[in-house]
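Next up, some structures in structure tokens.
Two complexes, one shared chain (subunit A), two partners (subunit B, subunit C).
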Partner chain A sequence: MMALEAVSTLDDAALVERCRSGDGQAWRELVSRYSRYVYAICIQAFRLPREEAEDTFQDVFARAYERLDGLRDGSALRPWLAQLTRRTCIDHLRAAARGGAPAEMPDAGEVDRNLMRIDEAVAVHQAMDELSGDCREILDRFFCRDESYREISDVLGIPAGTIASRISRCLSKLRDAYLGRSEPREPS
Partner chain B sequence: MTTLPTDQTLLGDPATGGRAAAIAGAMAAELTRAAARARDWEDGPGAAAQATALVRRMLELGEIGRDAHAEAVRALAGAADPRLAELLAAAAEAPLLICSAAADTALLAATVAEHAEAPVWADAAAAAVLAAGAAAMAAHLVSINLAVGEDDRRALLARDYERTAWEAAARARRAG
Partner chain C sequence: MSDMNGSEHERVAELLSLLRPAPECAVRAAQEMPLLAATVDQLVERAQADDAFRRSLIADLEATLTAEGHELNRFTLGRLRERLADL
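After this line comes the complex of A and B, so read on.
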């Protein structure tokens, strides 16, 4: 019988294994874990219009479902999905061009740079998930919501004079978590 | 000698007090960032990252404030614009946020000054004083806005931010 471990806590390799064994819940987790990533590649790296990006997004996960057995190392899921998304976007743009639609193939160097930025953003998000709830909240409030030390102090009940130091400590933890997971890995 | 070409200005066109406060605050944050990086201490990289965020925040607010100010001035000059009160209130919002960001910059600079050694300490203290000046400029702009009364929440908040900034600047100067 399948282990009852919550799929959201599985690492990519274990998740891929569960998907290969036909676990529908694991497949839904895989899609949920990487949907924003795939969509970001379609929109930001290939600049597909929203509707076309949604079609491409569906194609990517359909192909991923069919070809998952071909992925030798499940821990390389993310670069494998990136490559699959890249090929699917290019196929989509070529098909659009053949059909007479105005489709401009983006510069390969620019796509690489955008992919690198997206990968970094994903790695930062994943590193954020490893932080305590307090650290996540204080970093989110200062850097994403542009809240002041005073506002953060009022909401979290921490003296305003100590907020800057707390943010610095949380950033230090974030850097450690990020460096711990940012080693490059090739798709298998 | 470095001079500015006559067809260029530091503040852009139109030059406004809010934009000047934002640029002064951003300069203070940039100086804080440099001071935070100058010495190897545990919180240095985090302080530098916060300073970078404050530079970005103040430059954006300077732009937003300039647009809001221009709209309010146009409305004041025109015939009974029904949106006047709303536009004046919007014009007070950016200086208030600049004031808040400048107070944060002064607090951050004071923290950096307390961990720095000469001559970097002097730069961090100067950044705190400059940030306090930027907070004072922005607080003044909030207080003179026609939509803001003396006891208005925004005026009180701005004065509070300004006080915080000057206290931080005094702390930074004592740190040497």
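After this line comes the complex of A and C, so read on.
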């Protein structure tokens, strides 16, 4: 657990170096750090069905694991993974088409636009680091996991009647963090 | 809340919802990649040294691995097929 906490603070370049040296904890952190990003490219940019997206997700990380030594600049991990995911999605769609499955290759321009939005979404998620743990949790549960007010209330022990106002306040803080208008941090 | 703030809220919320968690089982499997790669290396080494084992893998990869107590997964099967083809 200690090692996992330590690797979670590494920047991408240092994380890649640790992965290259065979550090299993670093690899787990790399997967954890980029799992939503890779999955979003499969699901949002290429609109793969869930099951196919899961297979493609596995293939992306298998390729990443095998080709990590070929990444010259570890700080370019995110664009490298984006390109790897894009190619893997295209390979998957081509293989499906060869197998006779109905697979529609998305328009390259549309994929580019979706990738830009996903990169913007990454920036919003990074801005979440400036929020309190409570805010991060409530926003993630509501917007990313589609949990209801009741579910959030039960899990976090917060009165259900206050969830909406908390979401609104946390969203304001996130917007300010994202737009760079820093406000005093909410106590955790 | 002003209209501007409202639309900014909507935009941030929409961006936030783009990055949903990947299925836990898929994340766990990807995190186990180093262990799986090591297993593949060991199996290939054994197949190189043991002709009967190599023939068994080539004849029925899944049955041989199952009989040996290995958990079947996409990565192991895919990589073993590639490596066995090169032996």
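The rule we apply is simple: the second predicted complex is superposed on the first by the 124 of 188 C-alpha atoms of A that agree within 3 Å, B and C clash if a C-alpha of one lies under 4 Å from a C-alpha of the other, contacts with A are read in each partner's own complex, and residues count from 1 in each chain.
Assume a residue touches a chain if its C-beta (ideal position, glycine included) is under 8 Å from a C-beta of that chain, and two chains touch if they have at least 3 such contacts.
All of these numbers come straight from a predicted model, not from anything done at the bench.
Look at A:175: by the touch rule set out above, it reaches both subunit B and subunit C.
In the overlay built on the shared chain, the residue A:120 is in contact with subunit C alone; subunit B does not reach it.
After superposition on the shared chain, subunit A has more residues touched by C, the comparison being subunit B against subunit C.
Once the two complexes are overlaid on the shared chain, A:161 sits against subunit B while remaining clear of subunit C. Look at A:67: by the touch rule set out above, it reaches neither subunit B nor subunit C. Judged by the touch definition given at the top, the superposed model places A:94 against neither subunit B nor subunit C. In the superposed model, A:27 lies in contact with subunit C only, and not with subunit B.
Once chain A of one complex is fitted onto chain A of the other, the partner contacts of A:149 are limited to subunit B, with no touch recorded for subunit C. Comparing the two complexes, residues 143, 168, 171-172, 175 of subunit A contact subunit B in one case and subunit C in the other. By the touch rule above, subunit A contacts subunit B in their complex via residues 142-143, 146, 148-150, 160-161, 163-165, 167-172, 175.
Per the touch definition, subunit B reaches subunit A in the complex via residues 42-47, 49-50, 53, 57, 100-101, 103-104, 107-108, 111, 161, 164.
Here subunit C touches subunit A in the complex through residues 1, 5, 8-9, 12-13, 15-23, 25-27, 29-31, 33-35, 37, 74-75, 78-79, going by the rule given at the top. The residues of subunit A lying in touch with subunit C in their complex are 22, 24, 27-28, 31-32, 35-40, 43-44, 50, 54-55, 57-59, 61-62, 65-66, 117-118, 120-122, 124-125, 139, 143-145, 168, 171-172, 174-175, 178-179.
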